Every structure is written in C-alpha cells, then in structure tokens.
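Across the two complexes that follow, chain A remains constant while its partner is chain B and subsequently chain C.
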Partner chain A sequence: MTTVTKRRKISYWQRSSNVRTALLYLLPSIILFTVFVFYPMFRTIYLSFFLTDQAGEAAIFVGLENYTYLLESDAFLNSIKATFLFVLYTVPTGIIIALILALLANEKLRGIGFFRTIYASTMGVSVAASSVVWLFLFHPSVGMFNKFLNIFNLPQIEWLLDPTWALFSVSLSTIWLNTGFSFLIILGGLQNIDEYLYESARIDGASYWYRLKRITIPMLSPTLFFIITISLINAFQTFGQIDILTKGGPSQSTNLIVYSIYREAFINYQFGTASAQAVFLFICILIVTILQFKLGEKKVHYQ
Partner chain B sequence: MKRVELIDISKSYDKQSNVISNINVTIEPGEFFVLVGPSGCGKSTMLRMIAGLEDITGGTLKIGDIEVNDLPPSKRDLSMVFQNYALYPHLSVEDNIQFGLHVKKVDKKERAKRTSEVAEMLGLTDYLKRKPRELSGGQRQRVALARAIVTEAPICLMDEPLSNLDAKLRAHMRSEIRQIQRRLGITMIYVTHDQIEAMTMGDRIMILHEGSIQQIGKPIDIYNNPANPFVATFIGSPPMNLATGVGDKIMSTIRLSDSIVIPIPTADAHYLTEQIIVGIRPEHIKAATKETVEKDKFIVEVSNVEILGNETIFTFLLNGESWQVKWSGQWQIEIGDNIPLMMNYESFCFFDSETKKIIKTPSDVENHVFGKEVFV
Partner chain C sequence: MRKSSKFGFLALLLLSLFALVACTNSDSSSSEKDGNEGETEKEVVTTEEGKTVISFWHAMSGAGQTSLDAIVADFNASQDKYEVQAEFQGSYEESLTKLRSVGGTKDAPAITQVFEVGTKYMIDSGFIEPIQNFIDKDKYDLSQLEENILNYYTVDDQLYSMPFNSSTPVMLYNKDAFKAAGLDPEKAPETFSEVIDAAAKLKTDDMKGFSMLTYGWFFEELVATQGGLYVNEENGRAGDATEATFNGPEGLNAFNFLDTMNKAGTFGNFGTNWDDIRAAFQSGKVAMYMDSSAGVKGIIDNAPFEVGAAYIPYADEVKRNGVVIGGASLWMSKGIAEAEQEAAWEFMKYLTTPEIQARWHLETGYFAINPSAYEEQNVKDAWEVTPQLKVTVDQLQSTEPSIATQGALISVFPESRQQIVTALENLYQGMDAQEALDAAAEGTNRAIEIANKTK
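What follows is the complex of A and B.
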C-alpha cells in the first residue's frame, strides 16, 4: 500500500516536470508583469471604489459613486468628446499619409534609402523634444506657420490658444510624430508582398491603380489591421504632446482622458476618481479593440 | 501562334560584362522550345527579357515580325507561368484565373465561358471557389497553368513551372503540359534546369551555359551529337563519360590510361593529336564476351553499383575520374568485382581539346534507332 502511494507521488513530481521548467522560464516576465502591470491594474480598480486621502491611500468606500459622478460631470464628458475627436483626426489621416509615403518609398529608385530613412525618422524623436519644436512652430508671433500665412496675407491663427484650433493643432503634431512608426510597419508589409504577383499582373496589363486595389491593399490588410489597432490604442493614450503644448487648455478643449486622469490624480489628489477614469478608458479601448477585431478581421486576408 | 526571334540579344547589369551574350535563335510558331542549362546560366533572365520584365541591353527581339524591345509586357501578347506560380493568395481560384480577363475588360459572359472551359480542361472545376492555400502543390500548378491559358495569348512562357512538385507529379505534368500545348497550338518557351524535362518535352532545345548558346537542336540530335563536352555531360543520365586521351602516331592508338588504349583506323589518323577529349555514353560500354578479342578487352574494378529495377548502373575509376556504365537487366555485380569490358570504336565521341568542339560523332550502330518498320 505504501509503496503504491509513494510511486504515485514520484510520478506526479515527474509529470509536473515540464510545467515547472516552463514556469522557471516564465519567471522573469511574470515578475516584471506583476510589478509593473498586474499590481497597478488591480490597485487602480480597487482605488476606483474609494475616496482617497492626501497620500493616495483608500479612505472611504463609496462603491460606484466615483463612476456615477464621472458620468454626470460635464468636464469628463467633454474629455471623452475631445478624445474621440482626437482619435478621429489622427488615426485615419496618419495611416493614410504613412501608406502613401510607404508606397512611394517602396519603389525601386536610386537613393530611395535616403527617403526611407527620412520618412521613418520621426520614430527616433521623443514626444517631448518634438513637442517643443512644434511649440515654436505654433508660436503666434514668431512661429513659422503664422509667418507663412502672413506671406499670403491670410489672417493669423492662434494655433494653440484658440479653442476651435487647439485640438487640430495638437492632432497635427501627433500625426507627424506617429507617421514614422506607421510608415515603417507598412513599408515592411509592402516588402513582404511577393514581387512575382506584380510581374504577373504586369503581363496581364494591370494598371498601377488596379494593382494597388486588387493586390497591394488586400495583401497589406493584416499589416494595416495591426497598425490601425496600435494607432487607435496610442491615440487614446496620448499624453506627452498635451502636457507640453496646451496643458489641456484652452478652456478644456484638448483635455484628453489620460491628461484628465493625470490632473485628477497628481494635481487635485483625487486618486479615486482618477482611477475610475482610468478604468473607464481601459473599458473604452477594450470595446473599440474588440469591435475592430469583430468587424475588421473578416476583411483581413491572412496567408 | 507567333514567331519569336532573338537577334544578337545580350544582357548586362553593370554595362561591362554580359550575363547573356550573342543569342541568335528563331522560335517557330507553335513550337515547344526549351531553354535548359545549369542554375545561373542566364536562362531565366532570357525568358524575362522575352516577357519584358527585364530590359534588353543589346540586340533585337521580334515577336510576330514586330520589334518589341521597348514594348511593356502587356503589349507583347503573351502569358507567363512563374516558378512559384505567383497566385494571388487572397483571391479564389476562379478570380485568379479571371484576373487577366478582368484587366483586359473581357465581358462577363465570355469570362465565365472561358473560365469553365479551362477549368474543365485542367480538372479544376470542383476547386473554383477555393483559395490557393487550400490546394495541393499540383493543383496550384494547374491554376497557374489555367491562368496562362485562359488569356488565349499566342505565346506562353514558363519559368521552371514543375520544380516545386514531387517527382511523380512532375512526370505527370510534363506530359499534360505537352498535350495542352499541342492541342492549343501555342508557341511555348519553357525554361528548366532539368535535362529530363528538356529531353521529353521540347520540339527543340537550347542549351545555355554561362550566358551563351552551347547547342540548339532536336533533343535526340543533341543526345547523339553533343556539340561540346559540356553538352555531352549535361544531357543524358548518367552523363557521358569523358577522359583526356593521348594520341600515339606510331602505334596509331589513343591512350586513355595504362590499361585502356583505343586503336584508331588508318582513315581516322588525323585524330592522333597530342591531347584529345574522348567521350562515350554509359550504355555504349559493353561487357566483354568470350568472342571478344583479347586486345579489345580491359578489366575494371567496380566501385559502386545501383540497380534500378530493370537497369544496372555501375561505376569504376579511370585516372581518378569515375566512369559509369549502364546496362539493361539486373546484373549480379558486387563492389570490388573485376569486370572485363569493351568499347566499340564507333561509339566514341572525340572533342578537340583546344576548341572543345566535337570532331568525331558516334555513328549510329549502337544507338538502337528503330524505324516504324519494326512494328508488325
């Protein structure tokens, strides 16, 4: 009897050997993810049900009151509206520009490597550094944009100070900043398309636009799908440009959700409502991504 | 059904050295013409020049008596099958076949009619709605073929279309492509590195090596009368055995090795030069029999044996080179056996050692040429 149980114990230890090895290999990422992702995430969800004290510790349990407060708050609803507008301005335009540049840079021409480098170069620029440059470009009196308008005798624009223009201006700088990354991914996708497909189409006599429509875009669809998802998530999480260019102003017109979270938590010290906003943003991104996968994946051709 | 003429065609990538030079050939309407050569010999480049996918750096290309050097591929009125088939992975088989017709704005009825005809011909009717990734290699190959045929172009170019198939399917597709070409009467230009494909499919074949023509002709003529040692070893499996012989004017012999000496008839005394390349096909080396004269006999030690059902191939070493012998039947030969052999003078090829040109062709005695008279 004892020998039987003993054997079973040994065999269980041996059977789990693969699992233990796997866990050992996973350990570094488990530790990192726990410290920097899982713990903060659960802490945020926990805090969103509390009112907090000065130190950010949970003080009074309020249940869902933080959420109901948010949904009734004009400022937060304005943030949501601004965020969605921002996403709408930046994502489609950015991807279309990146696609056009990638199509140009994919042609086999002498010196095309130079253009590829230039187009991808915004990837290497930090948000902070580029935002400072844009700050100068947008400057009402010495900025290049207004000087340019001046040449054509057009009225001057208060790029970052006019509530009707501020979101557009921030979008402009964001599109510029994100083009490099999108360009690089799309170019990679284009170069993965088999050259023979185009040669075969050329023998059939297909025009450039026909090849673009019938071959390039369908073959590129997985790449486009990927870059659209990434761009959407990035746009929802924009923070750096806002902080440097407008600080959420003028009159809250560029107060995107992430910036609003930052202000709520680290300026107003309302960690509870800030956490509730963060959870809300998380749900928004989740829903958009799920929707995109449901709708988009049918149209995507995977090899 | 158009003629394709290549006049002094050459190709250079760096404007200094030609990868292809002095190609002169006329491909007749309705002909199955095979370009064959080892990899890197320029055969695919040549095909792509005919297609218009590569620029022609020198010479004139005529299709149907019109110079087409500067015409884009679509204006040359031809179709092409690529090595990797170049099927559009996102389109169904039907859409793949119709792609070219769509581009050429053929009307919908005609498109459907032609597609169903071609699908019928190639046995693809059941697969029209499938995507290429759901097909086997052989079926994909057929789709590529269907796509080329459906355009009804008078010239079809094929770039190693069978190289991705397994041996059995390849043999099957060889005859199928040949039959389709015959039925449609199209001019076919076919590139391959496989000499068996070239031999079995081509009306005429052109052998290329390092960008220049080695020989053009009917497969059997090339087999019997190879223009130079390269062709002799490239065509035929196993290849022709070659050795450098030394002519001896006093004895009137060519000496291949210490034990193998070929006596030369007095009429052929002009072959007795300092050095001469001697070749003989593996099937022309015979077993010595009791009747064989002692001086014609030579003994070799077998270093390898392969029995392929009804054929026995064995190898022996001659001056360090391995020579192969092919006999029909199953021969009980072991490695290490000493076997008496003999070679007929009529079976030898001689090549000039300087110019590499053939100077003596084997006469037909051993080639088993049968006329239709043998059938009762």
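What follows is the complex of A and C.
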C-alpha cells in the first residue's frame, strides 16, 4: 500500500512538471498582464459598484445603481446610439474603400509602388495631427470645404456644429485615417494569394469579376476577417478624433462611449459611473466579437 | 489531474487578484497615514548654491507661458534664497487631475495654478494651506489688491488662494460693420433688446449680428450681471449648495436673448472652440461677440478692422450688476516642508508687485490684481494706443460687489458647465429655452447630490 501511494505521489509531481515548466515560462507575461490588464480590469469592475469621492476613491457602495442609472439616462442611451451609428458609418465604408484601393494597387503596373505608398500613407499620420488638419478643413468660417461649396454656389454646411452633420464629419475623417492600415493588411493578403490559381482560372477563361468572386475574396477571407474584427474594436474605442474635433458635441451627437467615459472620469470625476460605462463597453465589444466569430468565421476559408 | 491543477492555478490567480483589488482602499488610506507621520523628515530640495527649489504647476500656454517663464526667471535671478521651477501641466482640467494623484503628499508642487471654478474643490480637498495663514503671519496688506478679484476667492472671510491671472468677459464689435450698418461705432448696444436690434441691422449675407462661444462661463456671466444666482445657499457661499437656480428668470432671460436672435437668423453659432469664434470675428463672419478680456489684445492686433470693446449686455428690466471674475489663482500645498511654503509665499508676493502685474497685464491681457499697476507708465502708454484694454478694467472696477457677482461656489462646476453647453446646443437646435435649462439644472443637481453624499 505504502509503495503505491508513494508512487502515486511521485507520479503526480512528475506528471505536473510540464505544467510547472509551462507556468515558469508564462510567468513574465502573467505578471505583466496581471499588473497592466487584469488588475485595472477588475479594479474597474469593482469601482463600478461604488460612488467615488473627490479623490476618486470608492466611497459609497451602491450595488448596481450606477448601471441602472446609465440605462435610464438619455445621455448614455444617446451615446450608445451614436457609437453604433459611428461603427456602422466607418467600418464597412472604410474596409470597402481599402479593398478597392488594395485591388487597384495589386495590379502589376509601372510605378505602382508610388501608389501603394500613397494609399498606405495615412497609417503614418497620428490621430491628433490629422484631426487638427481636418479641423481646419471643417472650419465654419475659413474652412476649405465650405470655400469649395461656395465656388459651386452650394449652401454652406456647418460640418462640426450641426448635430445632423457632426457624426458624419467625424466618420469621414476616421475613414480617411483608418484606410491606410486596412489597405496595407488587405494588400498583404492579396500578395499572398497563389498566382497559379489565377493562371489556371485565366486558362479556363474566367472573367475578372468571376476571378474576384471565386478566388480573390475566398482566399482573402482570413485577412478580411482579421481586419473587420480589428476595425470594429477600433471603432468602438475611438477617442482622439472626437476629443479634438467636437468634444462630444454638438448636442451630444458625437459623444461616443469612450469619450463619455473620459468625460465622466476626468472632467466630472465620477469614477463610479465612468467604470460602469467602461464595463458596459467591454460587454458590448465582447458580444460583437463573439457574434462575429460565431457567424463570420464560418465563411472564412483557411488554407 | 493535469487539467485540474491548471484550473487550480488559474483560480488561485483570480482569487489573489480579487484580494488585491479589494485591498486597495485600505492600502491607500494606510499609506496616506504613513505620509502624515513622516512629516518630520520632509526633505527640501536645494540647488548647489543652497537655494530652496520649489515647483510651480501652471496651465498657461502661448503668450501666457512665455510671459510667465520670463517672470519666473527674473524672480530666480532677483534673490539667492529660492529657485522656482515653472512646469506646464496641460490645461486647467489636466493639471487638476494630476494634482489629485499627488495632492497632500510631499510630492505635490509647492504652488499650483487652479482655475476659478476649482476653488470649492481645492478648499474641500484638504491638500492646501490657506494663504490667509501667511497673510496674517506676514501682516501682508491685502487692501492693495483689486477688491472685486479678492471677493471671488474669499470664502468665509478667508483668502484661500492668491489670485493671479484674472479675466472677465467683454463684448467686442466690428466698428467698420457698425458704420456700414448706420450704427454709431462709438456707442455699443448695452441691453439685451439693444443688442438684438443692432444684430438685426448688422446682419448681411456674409455676416451674422451676434455670437457667443458655447461655453458655460459666458452664461454664468449673463446671469450674474442681472443679479441672478447660479445655485442656492447664497451661490454656495453660505453653505454647501444643494440645488441649481440658474434655470430661474435670469437664466431664462439669457436663453431667450440668444434664442430670439437665433430664430431671427442674426445669431452665428461657431461652436465651442475659442479659436473658431475669433477667426469668425476676424474674417468678418460676425459683427459682435463675447470674448475673454485676456483675448482682447490679440484680437485688436490681428483684426483688419477697428475693434470696439464694450461691457457685456444685460436684461432691459434690471440694472447692470457687473461681472464675475474668471481665470485662475495660485494654491499653496499642505504637507510640504515649511521652507518650501516660505519660498512659495515669497514668489506669490513677488507676483503681486505692481511692476510684475503691469508687465503681466500688457503681455497677456489678464487684469493686474494689483491696481497700482495701472499707474505704471508702460500701462498708461499702452492704454493710450489700445483704449479697449481700459474698458475691460473699467467694467471690473464698476462691478457692484454682491453675492451674484462674487460668483458661485460648487465643487462640480466643470460638470455643470458641460450641462450648460449641451443646453445651449439644444437651444440652438430649436429646443424650448426653459426645457433646455431645466435639463441642465437637473444634471447639475444630480452631480451636486453625489458630491455632497461622497464628501
């Protein structure tokens, strides 16, 4: 009996040695993740159940009151609506434009490298710098866009001051900004598609559109899936453009959730409600990503 | 077996994390205590020559920063005991957020510049040493400073911070446009209805009559000049305010004033950005607008036409009460070494001297908190050239001291200002004036309630 248990003990220690080695290797990343990801995340969840005092420390436990307040507050519901609209405006348009540009730039022509560089160039521009440029373009009295409209005797548009236009204007600058990155990723995907596939299709007499539909898009689907996921998450987390272009106004029409979190936490110093919003945003992104993996991944063709 | 041990580790990790999160509160409070106990061993940073070094956090950019840096350099050169290091910490909001994380510890800057609406927060924070203590100890003569500025920062007969950069709103107008519209360029409209009439006459295809930056401060001023209060409890000065009162008749007057012009198409909305509205004025898109006195000099220097400055308008049925001071003041930290506080006090006194104030006034357009600065020759000469600067000073000095013009004290001012911005934007989109105001008041009330609860 004793030998059996002894052997079992030894064998457990031995059998778990792989796990221990793995953990040892994982330790650096576990520590880093704990400090910079898990701790802040759990701290956010913890704070979302409290009202905070002037110093931002949890003061009064209110349970789920922060959440119920948010779901009843018109301002927050408006933020959710604005965020979803913003995602809807920017993600599909941005990816379609990037795809078209990538298809164009994938043609083997002389001097195509120049166009590839130009199309990808917005990737090198920071959000802040580009937003300032757009701010001038949208300027109500001396902006380029209004001057341009003026030439054609069209009515002036208050790009960033009219609630019906503001979200569109911010979306416009965001699409421009994000196209470079999407373009580069999609172009990379296109270059990876085996040339033989096209050659045999050409021999079979397939038209350009047929090849696009039957070869390019299916072969590109893992890349497209990746870029859609990334763009969606990015769109949900947009902050810089909003802060510089509109500060959430006019009439809260561009007050996206992340901006609303920032305002609640660092201008109003309400870390409790801000945390509740952050948790809500996290859940939103989680649901969207899960849905995407469940529904979208089926259509993805992995080689 | 292997699987369960894996989960075991994971569970342990999660558990320890929860413990960590839950402990943070008690941790931070105990470390605060440690900080207080360690007060005796506070070290003072000194330069090689033995000068006490203190840091000074400010939020001045542009011309303000250039001027302030030069003043600090002169102070450091003027004596051999103290060395002030001016550090730009971003906007008022940003620097206040940074202060919150170090306030009350020995790492806090000796002097911080905090905007006027942060006054109540700073007093309540416990981070600060009331400047009154040094005034009493040093028998510093406060009467030499501008009374209307001191009024704002005096709470319960104590001066908590040293006023520094102060500004008020003014109405600027395009004199050329006035001439073209057949109005007297030397006589600006004074009341709401006069402004409305003038705006209608000034409006052309390219030019709107009147505009106001969509910013809570201007609304506060329009309420105060009618003698209206922003919150209850005597504008929050008799005790902690519990309710907003800006949605009363005075606030409604101001909103109706804007609404009338907006509906008539004579009001130009140029958003929430100072530069945008200034660009609109300078490019002739609007004939009259409200700006800060601190911006007057820049506008006059850059406008291609003659600029007039006037007092801000008030409702026809009341008399003019005047303006509330805006801008920022300097706060001394508590919990730092005594030598550092001494240094901070010396620097503050230096800043209030007439020579420095005259220079500050001319270089930035902020008021001199020490009115004898206006007797300095360089100020007189400058006023000769740009008499508009004097208008801003006259408006401040003719203000009648009252609770209304003393300005409101609430700790949630930044939030309330946002509510006002939203209300103004909704008003311009056609919402009913009273409805927009009430929504803003409701939002402010909730913020006040939470602030009072968690205090």
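What to note about this one:
In the analysis below, the second predicted complex is superposed on the first by the 276 of 303 C-alpha atoms of A that agree within 3 Å, B and C clash if a C-alpha of one lies under 4 Å from a C-alpha of the other, contacts with A are read in each partner's own complex, and residues count from 1 in each chain.
Here is the rule we use: contacts are C-beta pairs under 8 Å (C-beta built on N, C-alpha and C of every residue); 3 or more make two chains touch, one makes a residue touch a chain.
These numbers were taken from a predicted model, which means no experiment stands behind them.
Taken together through their common chain A, the two structures put chain B and chain C side by side without a clash. With both structures placed on the common chain, the touch criterion links A:52 to chain C but leaves chain B unconnected. Shared-chain residue A:16: touches chain C; no touch with chain B. In the superposition on chain A, A:296 makes contact with neither chain B nor chain C. After overlaying the two complexes on the shared chain, residue contacts for A:252 are found with chain C alone; chain B is out of touch. In the overlay built on the shared chain, the residue A:200 is in contact with chain B alone; chain C does not reach it.
Look at A:240: by the touch rule set out above, it reaches neither chain B nor chain C. Taking chain A as the reference, the larger set of touched residues comes from C, when chain B and chain C are compared.
Seen from the C-alpha centre of chain A, the directions to the centres of chain B and chain C diverge by 150°, a value given as a multiple of 10 for the model superposed on chain A. Within the superposed three-chain model, A:222 lies out of touch with both chain B and chain C [touch as defined at top]. Of all C-alpha pairs spanning chain B and chain C in the superposed arrangement, the closest lie 32 Å apart.
Overlaid on A, the two complexes show chain B and chain C touching no common residue of chain A. Every residue of chain B that touches chain A in the complex is listed here, in rising order: 51-53, 72-75, 78-80, 82, 84, 86, 88-91, 99-100, 103-104, 133, 147, 151. Note for the complex: chain A touches chain C at residues 12, 15-16, 18-19, 23, 30, 34, 38-39, 42-43, 46, 51-60, 75, 139-142, 158, 160-161, 163, 247, 249-252, 263, 266-270.
Across the complex, chain A is touched by residues 1-2, 5-6, 9, 13, 17-18, 20-22, 24-25, 28, 93, 97, 100, 103, 121, 124-125, 214, 269-272, 276, 279-280, 283, 285, 411-412, 414-415, 418, 421-422, 425-426, 428-429, 443, 447, 450-451, 453-455 of chain C.
Of all residues in chain A, those touching chain B in their complex are 194, 196-197, 199-206, 210, 214-215, 218-219, 221, 301, 303.
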